[in-house]
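These notes open a run of structures that come right after.
Same chain, two partners: subunit A is paired with subunit B first, then with subunit C.
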Partner chain A sequence: MTEMIGGNALAYAGAALAAFLAGSGSAIGIRYAASTASGVLTEDPEKFGLLFVLVVLPGTQGLYGFFSAFLVMLKLNLFGGEVLSLTTSQGWQVLFSCLPIGIAGLVSGIHQGKVCSAGIQMTAKRPEMAFKAAVVYAVMVETYALLGLVVTLFLLFFGIKL
Partner chain B sequence: MNPSYDDGDTRYAYAVGRIRTLEARLLDGQRVERLVEAKDFEETFSILRETDYGEEFGEERVASLQEIEQVLQIKREGAYRTFTELCLDEEVRELILSTQDYQNIKVLIKGSVTGEDSDFALSQFGILSGEKIKRIFKEGRSQGFSTHLRKAVEAGLSYDTPEWIDIAVDHEMFRFWSARAKEVGNDFILGFIQLILDLENIQTFFRIRRGEGGLSFLEKALFFNGWGEDTMSLHRDRFLKAFESPWEGISSYFFATPYERVLREGGEYLERKGSFASLEKLCDDCRMEYLRSTRLMTFGVEPVIAYLYAKENELKILRLVFLGKLYGITQEKIRERLPEVF
Partner chain C sequence: MGLTRIQKVSLLCHREEREGLLKGLQELRILQFSKIKESPIAKIYPDLLPPRAATDDRLEKRITELEAAITFLTSYEEKGLIGDLVVSKVLLSREAEKEVIAEVDLESVMEKARSLEKRQRELKSRRDLLHSQQETLFPWKEMDLPLKNLTLLKKVIFWTGTLPERQIPNKGSPISNLNSETNLNDQSFKSQIPIKPTFHLQEVNRVGGKVFVWAAFPRSEREEMEEFLKEWGFERVPLEGFADPDSPFAPPSSGQGRPQEVLDQIGWEIEELQKEERTLEEEGKKLLILLPKLKVLYDYYTNLLKQWKAQSEGLVTQRTFLIEGWVRKGDLKRLDKFLEGFESVSWMEVDPYPGERPPVELRNRGLFKPFELVTELYGMPHHRELDPTPLFAPFFAIFFGLCLTDAGYGILLAFFAYLLLKKIQGGRRLFQLLLIGGGSAVVMGALTGGWFGDGLDRLPIPFLKRFILFRPMEDPITFFYIAFGLGYFQVLFGIFVKLYENIRERDYGEGLLVQVPWILLLNSLLLWLLSALGLIPEGITPWALFLALTSALIILLFSDRTSRNPLVRIALGAFALYRGTSYLGDVISYVRLVALGMVTGGLAMALNVFAGLAFQIPFIGFFIAFFILIVGHLFNLALNTLGAFVHTLRLQYVEFFPKFYQGSGRPFKPFGRESKYTYLQ
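Then we have the complex of A and B:
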């Protein structure tokens, strides 16, 4: 069965998963944070600047996913003329390389959105804590998306010989 | 409606954001203390000008107690409007706003019994407006009410003393609340209704104990047991057993329940000073303590409900402070009655 699936198709699936999963995590995360921020801003529009960082933070996972997908395309020489032809084994390697950022991006994006939403609520009451605590806690969740990205990059650059 | 799960109901992300900002504008304990210490109305107004009440008390048009009451009413209306706007679940909205409908029914039945005009006491914040409830009631078209309100009207009309009308309508209200709360299935709401029910029973217990009527009166007046014996709710039997006990021993019947302190301290104050002030304050504080748990909830309808009651509590504090100033009540006495802030 797997022999029937082309290596390139698997690699494309990996790139798509990286962008789709991490992007979905970001979209859901931003939805939580932006909804809460909208509520705060309805009553207190002057807090826009303070809340902006907390709303955009869950968006980074989507960028990591896109970046990983882009690297896969570069690796396949998608923009350089002749596209490389991968064996099925190489295709699987690319697909699995994309999973760390895809899955870590999905889960961490959702949870980061919730942490940011809580941080926005704290900022509504204690604006001085916005950067002291709210952003710091949100960045802690970010760490795990970053680790996912690093693993994906190492695997793509050093783990696969094309 | 889905009960609270995991991090709460995320549909309320916007609502909770708004509520947190509004909560930050509620009066804090320090400001309330300054209000109590204020020498006169003018000083009270100047303190309130630093707060969310600045606009209303910023002009000289507020001078009499009646005008102050109007301002408080405007704020109350705002809180109910916010709640109605932000509560996304119709069942919950009806549950919370129904209190006002039952209140209106009590006012109308008592008015019809005593023959006094009580329209001024009608609340406009219920599911049905005060005017509509009055019209249906006066026309004698009980079928115009929902089933639960019709039952309350029938129950209230079967008595002719204000005290029993209150008790009869409240019994129907709690029946509706408990049935609706079970349908909604939200643990916070179930707990809150249980708390209100228990606190009502505690106050009824002390009122009947101080007054006339005896055990048979209490047996009839106490509300049912809430959700059953497997919960923390206070069983009716505890009250009935404690009824004949001397006041020092009452709290032992409620040992290890969340209300032990309310019964001990409230009962002691009542015995020594003959006033329900401490008991009422302790009951209010219990409610606030429960509602404060919503500060830890990131999403869900709970903070929206808590804000409504927190605002009502704040308006009660202001009313007590203003009345205290008007009648020259000492700071100490005002403090004794003031509930804690949210």
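Then we have the complex of A and C:
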């Protein structure tokens, strides 16, 4: 069956998964943070600036996924005119390389959103803890998306010769 | 480097001079009250404490009113997103403040704001009511029956209401004929309707699955009819209120009118209300010029109240008033000079009570100053700790730059930070920090050839290529090593700082038996790793291993020096060794610099590629490309600046600070004017 699919389709699936899994993670994460922030802001609109940071934090996973997808496109010479033709095995390699950021981005995006949402509730009561705890905790969750991104980058850069 | 030295002082004065003293201290802003309630004197003589917290009800009321007026007027202010993000303050001189206080007829302004607000609320609630009436009446607008008739007849009841549409499927047929068999084709429908010549049902409208009808029947048959209508799912929508001029729901001069006429009336009144609301808004906007003055007054009165409340900070007898507080050593002369102006004040330097911790003030200069913000966000050092600000500042700047790794973005960021610095009085240190970060990003970008992503390959500026050390997209492994190298260096530096602190505190045991062996162990392991990788001569391996084992042994035996039981000590030592693996985790954490740095450049490159593609679209291509470049790069810059800031922050807070820093101090905040809205010059 894989012969029928072909290398390029697998590589495209990889790029698509990276962008769409990590992007979905960010979207869901921001949803959690933003709805909590909206609640807090009805009470205390002056905290907009402070909460803004916590709301946009889960947005980065989507960027990492998009960046990885873009790297795959570059690798395939998508913008250079002649698109490379991949063997099935190369296609699988690209697809698997994209999974670390895709899956880590999805899961960490959602959970970072939850952490940010809790952080926003804390910030509502204790704004002085916003950076010391809320932001740092949220960034701790993001670390694993970043590690996923690094793995994806290195696999794409060094693991695959096209 | 280091903290400002702070001295505790005690002030005693005659009670009559109390107010003058507090007023002067507030102006001077050099003394922070210590908590006299917790002092030994107050514990021995509790009756010296002021019986209740001093305050002034009239002042408090006035402040509350002012705040309400300010909130009300602020709602007229038009500001953009930036205006919401940063609060700007009114800048004025002391003379100008006095003028404002003398000039503004506060009562009349407040009265005006209050009456405006009240009238606006009235209009709004009236308008809300009218809107809901409009909604109720709208489906009935084609009913050709004056609403007054609904209650006119003594022997007949008129009911308005809805029936579910599924009960009366064929649209258009007048239901009034339900009682004449000829118009009903549906057999089942007919069989269920009791034929009553005295019953009249008329369809008016169909909206959203509901049929709006009116029914008429003799008052004597009410119960029977009610039962019947209920069975058919009839829900009453009383419209009688619209006919009764005394009812609160009555629209203006309603009564006789048909629904359409009443609706017209309502529409007209809403328009009138909106007109008045607009006039009020204009009036409110006219009051807006008073807003800065109200803000000045607000700050003035809050500070007056604060002065008043400060009386609770001291101890009183019938004749005397005693306060204690903290003053910077450098300010003692100023304090002395100020106190000379009072007849009865005497003061002296005192020692803190046992266990009392003086407040702390950071003292950094020049480029280091803005980084104090990062320290404060974490927590001030306690009075015997080192100020970490100058220790992490260079790392912070470098890491921030590495997270962006783009000279173009660095220039933009520095430019925006500079603009904000010029335009806005608040948030100075943050903008200065961003300015430094932008500068660092320019350096890092130039070294890695990042100018708006791959701009260097697209623009004919070859001399910029001379600065390039390596290019992350071609050689990410170098970037990787740099990040690890910096991480290892900072972690090790943290341990060195702890060692220095221990030596300074004369805790040589901890320094020699914990920090030194850890430094040796980490370095020898690094040497071993490097030689295993073939990066340095292999001959060093046995030495490195020997050193590693020795220092590990020292850690195992001496990490815990409190217990006498050797087994417990070794167990705790083993645990300390095990926890040492966290150093590995710490260093790996710095790999985020690679990821963030490459993402910024990579996304910028993606934008350039897409803009290039868009450019090829005929006619409008240029505009689309332009749009992608401007909006895209700004968005990318904003998001990555945020990322750079928070991740750099984390590296300090999570990887660096725990090596030596507690941050359990409280900041030195001298008693002085505090202002929410104004800056006094």
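Heads up, the rule we're going with is that the second predicted complex is superposed on the first by the 162 of 162 C-alpha atoms of A that agree within 3 Å, B and C clash if a C-alpha of one lies under 4 Å from a C-alpha of the other, contacts with A are read in each partner's own complex, and residues count from 1 in each chain.
Basically, a contact is a pair of C-beta atoms (placed from the backbone, for glycine too) under 8 Å apart; a residue touches a chain by one contact, two chains touch by 3 or more.
As the structure is a computational prediction, the values presented were derived from the model and not from experiment.
Look at A:G59: by the touch rule set out above, it reaches subunit C but stays clear of subunit B.
Note on subunit A: of its two partners subunit C and subunit B, the one contacting more of its residues is C.
Applying the stated contact rule after C-alpha superposition, one finds that A:F70 touches subunit C and leaves subunit B untouched. In the superposition on chain A, A:F154 makes contact with subunit C only, not with subunit B.
Common to the subunit B and subunit C interfaces on subunit A is no residue.
Against subunit A, the residues of subunit B that register as touching in their complex are 7, 10, 13-24, 298-299.
Only residues 45-46, 48-49, 52-53, 56-57, 59-60, 63-64, 66-67, 70-71, 79, 131-132, 135-136, 138-140, 142-143, 146-147, 149-150, 153-154, 157-158 of subunit A touch subunit C when the two sit together in their complex. Of all residues in subunit A, those touching subunit B in their complex are 31-32, 35-44, 114, 117-118, 120-121, 124-125. If you check the complex, the residues on subunit C that touch subunit A are 84-87, 377-379, 476-477, 588-589, 591-592, 594-596, 598-599, 602-603, 605-606, 609, 612-613, 639, 642-643, 646-647, 649-650, 653-654.
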